[in-house]
Amino acid sequence: MAETVTLADAAPIATEIGAVIIENQGLLSEIDGATGDGDHGINMAKGFRLANERLGKKSFDLREGFATIGDTLLGDIGGSMGPLYGSFFTDMADSLEGSDKLDRDNFAAMLTAGEAGVVDLGEAKVGDKTLIDVLVPARDAFAAAAKDGKDFAASLEALKAASAEGLESTRDMVAKLGRAARLGERSRGTLDAGACSANLILQALADGLLKRLHAA
Amino acid sequence: MAETVTLADAAPIATEIGAVIIENQGLLSEIDGATGDGDHGINMAKGFRLANERLGKKSFDLREGFATIGDTLLGDIGGSMGPLYGSFFTDMADSLEGSDKLDRDNFAAMLTAGEAGVVDLGEAKVGDKTLIDVLVPARDAFAAAAKDGKDFAASLEALKAASAEGLESTRDMVAKLGRAARLGERSRGTLDAGACSANLILQALADGLLKRLHAA
Amino acid sequence: MNRVIDDPDQVTEGTLRGVLAAHPDLLVATDHPRVLRHAGDRPKGRVGIVTGGGSGHEPAFLGYVGPGLCDAVAVGEVFASPTAKSFHAAFKEADGGKGVACLYGNYAGDNMNVKMAAKLAAKDDITVRTVIANDDVASAPREEADKRRGVAGEILMWKAGGARAAEGADLDGVIASAQKAIDNTRSIGIGLSACTIPAAGKPNFTIEAGKMEVGIGHHGEHGIAVLPVAPAKEMAGLMLERILADLEFGGEDVSVLVSGLGATPLMELYLLYGHVDEILRAHRITPRFRFVGNYFTSLEMAGVSVTVTRLDEELDRLLRAPARSIGLTVAG
Amino acid sequence: MNRVIDDPDQVTEGTLRGVLAAHPDLLVATDHPRVLRHAGDRPKGRVGIVTGGGSGHEPAFLGYVGPGLCDAVAVGEVFASPTAKSFHAAFKEADGGKGVACLYGNYAGDNMNVKMAAKLAAKDDITVRTVIANDDVASAPREEADKRRGVAGEILMWKAGGARAAEGADLDGVIASAQKAIDNTRSIGIGLSACTIPAAGKPNFTIEAGKMEVGIGHHGEHGIAVLPVAPAKEMAGLMLERILADLEFGGEDVSVLVSGLGATPLMELYLLYGHVDEILRAHRITPRFRFVGNYFTSLEMAGVSVTVTRLDEELDRLLRAPARSIGLTVAG
């Protein structure tokens, strides 16, 4: 089992993430429709479709892939998702500046940078029923596993589990931010759409890395 | 049987005409609805209600009554009915200038004046499916009866019959003027609303005079 | 249809009250409750301009009273001609001793009331001459152009007549310019939903979802075809086809006015204008004046009208002249 | 809802094309397809003014670009914030070396995109400061005024900021005046029917026939009460009650803006204005500026908004200053 993946080898993960989002467009919109305006899938798929189109036309490594996704979201997707996920991917890409591979430590730093970008902009806290309720526990679980001496792959498995749990945790929350917030108590009982897309992204990222770690 | 009625004695006819129109408001609108915009009853009743209100506040003879009706229609009723019936009553009133009673001859002149006012303004011809299809045959029947030596009352009876026939004649006509004209052939088969109100007015006028001729 | 009204029979009164409160600098009340006059000095030593028509078409008609446009307006009930006496009172308000040009649209009621009013005015020694707008190409074939209705093209007639009066032309001159404006103007509308006269409470015509009525009149009068709703580009094509065929355009520049009928968002009017502009240029016709907005409406009817005016030097000058009003302001 | 559009996903593009074709004297395209700039000279040696927001509110936002108002605008999809890069590009277009005032409305997406854009602009050495309109009294209680949405009051903010920039004030001065304008402005809307984002194809909220939503947001956000439709006089009373309680009015003169939300006829807006004027005067408040029309809309939503701005000498001067744009023209 390898402990690193080169950014070049990991490159396809950038488009794999997009593929998962596009595949789940309907699901994301449906979940958003329960408490919001039902366009989360449309917004996300539009951005990732554009990003994947752009990536299809060039060769890139994972850092460049994330930079393109971030750039596309910031440049072509308005609303909240553009800047929030745009910052997430841009800041992850920035944190990889100067690296040519991913390992347990710079992956943790990368996730932290992405999450910080989202919080910095959106000012959401855990419990507000947003994508932060996935990003924060996932990042924390990865960091804790790493601190416990687990290897990259095992830490990624911890991340996957925490991400899924984070998503599930939003079901019982009352939305405090975004459109769903105006529903107050009525927002309880359904998953959060942004948390759902965040989980899809993290699962695809982790799965992509695990596959390459195992293959090596 | 008298051959004249003083304009003073005939005064109540002015408000009797209004009463008949107001009473038949629904019918007139219904007929207009079949081929037009369904407001003929509203338009007419609004005018005659206002005129009767004004007449209720003063003493007047038939000439002054007609002048008030004409003035009210011209001053307060827009659309086509205001000027058409406004001219009808104003021109009838003008023709009575200097008289203090109605007889067979000045009644014929009065009707002719009223009808001329309507034609002058609206340029309708017999057969166009308008109120002219009542006014013209009614006036002609009265004139013919008078020429035949019939007395005032008998001439009025001729007018009543011709007026009713004139109304009925509109049923089979295709409208050439007004809103109904745009329906072309589809306007055939129903009475004309304006012809209907014209008939109500002439019947009320003739009945009012007949009652007073008989009473004298 | 949820509305912002009080008594449905009193919407015209309420509208006039609000207009007077909002624009005391532009419009003042007169002795006649259904006649408004421009707030400035009465026309003195120049021709007065009067218009009038049913309400429900706002900003028409009262929105085109102001310097460089009309001097007085007669206001009818919703979709009904003003009375003869209203027109007569408006003539008196607008008369400055040089006669009055009454510039209005071709509807039976308006024709009769104006005719009666002109008779009454003649007794006051006021000369009234008329131009009767008939710009709606869809309302009658070309051979019967005198049966055509007046629609948004009236605005061009008011602008030309008003500017000419401001220049000091005599009544003949003003009438000639207003007539020239309307003779060189063609309009056509597309209706996308019906509207309801408040006092009636229900629409007196219908347009089905998914259908459009090409050539609809400003009160919902039947058009020339009911078709499935077409993309905006096709709508523009359909409308211009009719207009250009009728106008016998010879390469001159034009003024283009795209008006919403009431409920169509401004974004859609601009979207349509983009196509209109493109099609005209493809025909080597250059839109020199461009108006896009709710200039002449039909209550809350959804839909649009397109109005094209062929320009010559005179019309260009008159359209460019300064004017100020609720509906149209041209900076001096 | 029958519409005048082509591809429902391309309405914003189509609108921009039409706007540019119709107003080449006022607006020009930039390298960024979703940014328009005033057609005149770029602001040089003075503060630039930028605004932006979702489309579907026309004439907002692009209709308030012009001399004496905004210099550049970032245009979003229907009812969606423009992107961070659009705002960034607009900042570059509006920068004349003295910094940029970004005057926009308080919505989560706009806040985030402007924040990101300001970060990007900082890298270009462009100073960006913001004023975030929050005039909608119905969108949060007074204690949480920073959560309130920006609605038609933004127009007063643009006018004040634009006039101040034209006077040559520095960025601090422009920001202070724009902030003062919005701090002294309160708005509230009443919705009478829902509207449909073309790409969505069906409304994402409903207002039943016979009901009105008091305090509705510009995208159909829930208001404070759903009531049976009231007469216009009561609507005016309800709206002003909220506004006047919030504004702590002390007898100053005001500017009043009555805007239709899209499908409400102009005659009804004037009718409402009549009541607003009367109620204000009964409170010894004098409407010194009066705007009635479709100034800030929500596609084809039926309804109205009322915006009251408390004036001082400075705001009076700034509102009076000349300006020219699609949505608002003040003669010089």
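Each chain carries a letter (A, B, C and D) given by its place in the written order, and its residues are counted from 1.
Here is the rule we go by: a residue touches a chain if its C-beta (ideal position, glycine included) is under 8 Å from a C-beta of that chain, and two chains touch if they have at least 3 such contacts.
Keep in mind that what you see is a predicted model, and the values were worked out from it rather than measured.
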item	value
If a chain touches subunit A and subunit B alike, it appears here	none
Approximate Å spacing (C-alpha centroids) for the pair subunit C, subunit D	29
Rounded Å distance between subunit A and subunit C, as computed from the means of their C-alpha atoms	57
Geometric centre distance via CA averages, subunit C-subunit B, whole Å	34
Residues of subunit B whose C-beta touches two or more other chains	none
Junction residues of subunit D - those touching two or more other chains	none
Arrangement of touching chains [line / ring / star / complete / other]	line
Every chain pair in contact, whichever chains are involved	A-D, B-C, C-D
Contact set on subunit B toward subunit C in their complex	37-39, 42, 74-80, 82-84, 86-87, 121-122, 177-178, 182
Partner subunit D, residues of subunit C touching it in the complex	1-7, 11-12, 14-15, 17-19, 21-23, 55-56, 58-59, 63, 190, 192-193, 207, 209-212, 229, 231-233, 235, 262-275, 277-278, 287, 290, 292, 294, 297, 299-300, 302-304, 324, 329, 331-332
Subunit C to subunit B touching residues, read off their complex	54, 76-77, 80-86, 108-109, 112-113, 115-116, 199-200, 204, 221-222
